[in-house]
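Listed below are the structures to be examined.
Next come two complexes built around chain A: one with chain B, the other with chain C.
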Partner chain A sequence: MSTRDLVPILVFAAVAALLPVFVTANTWLNFAVFTLIICLAAQGWNILGGYGGQYSFGHAAFFGTAAYATAILQVRYGVNPYLGFGFGIAAAAVVGWIIGALSFRSGLRGSYFALVTLAFAEVFRVLANASEMTGGAAGILIRLDVRPENFQFASRATFYWIALALVVAALVVTRALERSRLGAQLVAVRENESAARALGVDALQVKLSAIALSAAITGAAGALYAQYFLYLDANIAYGTWISVEALLAPIIGGAGTVFGPVLGGIILHGLSEFTKSLVGRIPGVDLVIFGILLIVVVRFPPREIPGLIRMWRGRR
Partner chain B sequence: MIKPDPAFLSVHSVSKRFGGLLAVSDASFTVAEGSITGLIGPNGAGKTTLFAIVSGFEKPTSGNVLWRGEEITGRPPHLLARDGIARTFQIVQPFAGLSVRENIAVGAFLRHRRRAEAIAVAEQVAERVGLSRDLDKPAAALTVAGRKRVELAKALATGPKLLLLDEVLAGLNPSEVRDIVPVIRAIRDGGITVFMIEHVMQAVMNLCEAVHVLAQGRIIAGGTPAQVVRDPAVVEAYLGHGAATRLAGQHA
Partner chain C sequence: MLNGLLTGAIYGLVALGLTLVYGVLHIINFAHGALLTLAMYAAFVAWKVFGLDPYVAILPLVPLFYLLGYGVQRYVIGPASRGEDSNILLVTLGLSIVIENMMLAIFRSDTLSVQVPYAMEVVELGPMLLGFPRVVGFGVAFVVALVLFVLLTMTDTGRAIRAVAKERTGAALVGINVNHVYAVTFGIGAACLAVAACLLLPFFYVSPRVGNAFVLVAFTIVVLGGMGSVPGALLGGLFIGVVESLSGLYFGDSLGQIGIFLIFILVLLFRPTGLFGAKA
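Right after this comes the complex of A and B.
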């Protein structure tokens, strides 16, 4: 990875870091933090789905595992939240590796893999809803105690910068992956697994590394969510909503590109927020927007917004 | 000087059964180190299955494969590639979304961890197979002949000692065949043993020192190309029962 590879990321980081200087309204910062959390979850999905071509419908499994791990360690065992955050990410990576080992070892691909990941996430959701450990259906509450050493901050801007730092870190990791042997092998497996194996690529190992990394990044989003909202229940942590968000953003913004998930996340949430301000808070209106956007994008190859813009400009 | 190993690759009574079909039946042969050895036979003879067994994509129902005296039967393809056995596919398998350079680099990454090195090796290999001018094109944009070269280059980039070529010349016109024959010969002269399935007899006669003939899953003949094409069993396998005698009668 050369310095030149990092320039666009640094430019993005610098521009985005200035946002709280201009926008001080809490609702807007709230919106920005939430969008960044989604972007982070989507960046995780992008590693496995975008670069590896393994479409997971169950990234909630990783999001939720890290979120619950962070919350439970603090609430039940008094573990320091920063430490809990790290444990949460590690737990997500382990869960990712295990789900990967079970499904890739049995040769599951394409829609079968998607269904199995969805099933895992749903099983976790049902278990979390029933278990005492997770607070069951009532959910789990992290005690409000606003002190920096508690990973709780009085100013939303601080949280915004932390979320942004994680998103930027994920951008750097993605760029590094693109430039690495693992990245090249992962893309080769996506394009043609048999051909990749013939060239000495251990396809199983490559996919397992990818799912662990992918789960860790999406897990970071989950842990951050827990720490920001201080409340979790099974439908939030393991709900289908986050699996869908994590895959929609990269698909719309450009799967298998460094900036795709961030771009897609901003477009999706920008648009849904814009509609809400236009038509008022009708429940589900954002989902309608997501649906329309997805249909439009998928209808026209190259099936991603940056590509559509390039094509449109080329045609003129 | 080290004497070349005559049993560099040896296949011992390998059989492969798919349900009721015996695709390969008790096949035995060897490939000598430093040679260009051909595997020919009519369509459906089991050549590709045999290749899949040697390259680790299929496990034989019985029999074994030895590579420089070591048992490699059923070893998975990625490990065989590390050991120095590379293959190409009859139906070319480019990484369609990637450029020619990136395609070849996937092979080069096997022995070069760093991207810069892998890319440099990929460019050297491209030079060897005549792809230098196409490095930035997407692999999917090349002609059939170009894609065959990419297939060859990817395998070469893994730094093999034995190269298995599954019909690299199929689908090429005569002038394209003429262009690629010296490339294959140069690969061998560079120290890589070549074992090739081929239908283009002109190329087989031209390139191979030894040929094995497979028909209905059995090895029915072996020897130099000149010996093999005169073998009555081979003529019958291609042209039908009694063809050899009829041909002999016509020539008399």
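Right after this comes the complex of A and C.
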């Protein structure tokens, strides 16, 4: 990875970091933090789905595991939140590796992989909803105690910068992956698994590394969510909504590209705020638009919004 | 246990549409649950606005959903997928998001249910008392499966469907319009859902997310029974219905569904061709 690779990322970081200087209203910062959390979860999905071509429909399993791990360690065992944050990410990576080992070893791919990941996420959701440890259906509340050493900040801007730092870190990781041997092997597996294996790529090992990394990044999003909102229940942590959001953003912004998930996340949430301001709070309308957008984007190759714009420009 | 068996027949009916679509189009239809939700709302509206009994509503809803399914496959899924597996996944996911949230926007998230005079009636069968709507559902599900079986084996359309399922290119070469057959199959799948919805309504609630409760169950049944197998779907449905009621009995209501998901994962991991399915 050369310094030239990092320039666009640094430009993005610098521009985005200035946002709280201009925007001070809490609702807007809330919206920005939430969008960044979704972007981070989507960046995780992008590693496995975008670069590896393994479409997971159950990234909630990783999001929720890290979120619950962070919350439970703090609330029940008094572990320092920063440490808990790290444990949460590690837990998500382990869960990712296990799910990957089970399903990739059995040779599941394509729709079957999507189905099995969806089922794993649902199992976690049902368990979390019933277990004592997670607070059951009532959920789990992290005690409000605003001190920096508690990973709780009085100003939303601080949180915004932390979320941004994580998104930027994920951008760098993604770029480094793109330039690495593992990244090249992952793309080879996506394009043609048998051919990649014939060339000596250990496809199973490559996919396992990818799913663990992918789960860790999406897990970071989950842990951040827990720390920001200070409340979790099974339908938030393991709900289908996060699996879907993590998948929609990269697909719409460009799967298998460094900036795709971030772009997609911003487009989706910008659009959703815009429709809310247009039609008021009718539940579901923004998601209808997401769904239509997804169908339209898939309908017309090259299947991503930046590509569509390039094509439209070329035609003129 | 027996109630589980009765509910299982309706699960089987839901899975029937899914397995048929999979067997012929080789696609996994994520919109299946959302289509069921749509059908249940349609049956609800038929009862609320037109005063139609859910069982009577089967008559108008079946052709309606056949046409809807036909149109969706022919004009949305078909062109958008361009034959790629991952595209179909995404398009059907998009469809399910659209349908589910349209229902949410129109009917809001409240659960609705119909009041019919026979909802609480019971049928005595020796020492057992069985809910009347469940018994009807059980019977009709088998009739539908039988009709479907006859349709597939005896009629020209059925032969064309089976030909396309086996060998798409060959079928196209002998003059079968493959896209038409795909859409017909999808239409039949949607029509099965319309029947299932009308059978469910007298003893089940409707909410925008109700289809989700069924869709993983239906997928489980389909992989259990062997993708694309009609008798497999029905047997798988009965089996899952029993498993659900038993695990609900032993683990309590909140964990009842976990048995289904575990079976699903285990079957996918160890025997993805299903218990009755052919070797891949």
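Rule of thumb we're sticking to: the second predicted complex is superposed on the first by the 316 of 316 C-alpha atoms of A that agree within 3 Å, B and C clash if a C-alpha of one lies under 4 Å from a C-alpha of the other, contacts with A are read in each partner's own complex, and residues count from 1 in each chain.
Throughout what follows, a contact is a pair of C-beta atoms (placed from the backbone, for glycine too) under 8 Å apart; a residue touches a chain by one contact, two chains touch by 3 or more.
No experiment lies behind these values; they were computed from the predicted model shown.
With both complexes brought onto chain A, simultaneous placement of chain B and chain C is permitted, the two fitting side by side without a clash. Once the two complexes are laid over each other on the shared chain, residue contacts for A:G291 go to chain C alone; chain B is not touched. Using the contact criterion defined above for the overlaid structures, shared-chain residue A:R197 touches chain B, although it does not reach chain C. Between the Cα centres of chain B and chain C, as seen from that of chain A, there is an angle of 80°, stated in steps of 10.
Of the two partner chains, chain B is the only one that A:V187 touches; chain C does not reach it. Look at A:P283: by the touch rule set out above, it reaches chain C but stays clear of chain B. By the touch criterion defined above, A:V11 lies against neither chain B nor chain C after alignment on the C-alpha atoms of chain A.
The wider contact with chain A, measured as residues touched, comes from C rather than the other of chain B and chain C.
Of the two partner chains placed by superposition, A:M133 touches none, neither chain B nor chain C.
In the superposition on chain A, A:R179 makes contact with chain B only, not with chain C. Note on the superposed arrangement: chain B and chain C approach each other to a least C-alpha distance of 11 Å. The residues of chain A shared by its contacts with chain B and with chain C come to none at all. Contacts from chain C toward chain A in the complex involve residues 27-28, 76, 79-82, 85-91, 93-98, 100-105, 108-109, 208, 212, 216, 219, 223, 252, 254-255, 257-258, 261-262, 264-265, 268-270, 272.
By the touch criterion given at the top, residues 53, 55, 57, 102-103, 106, 108, 110-112, 114-116, 118-120, 122-123, 126-127, 129-130, 137, 240, 244, 247, 251, 282-285, 287-288, 290-295, 298-299, 301, 303 of chain A touch chain C in their complex. Residues of chain B that touch chain A in their complex: 55, 57, 76-78, 81-82, 86-87, 89, 93-98, 102, 105-107, 109-110, 113-115, 118, 154-155, 157-158. The residues of chain A lying in touch with chain B in their complex are 179-181, 184-185, 187-188, 191-192, 194-203.
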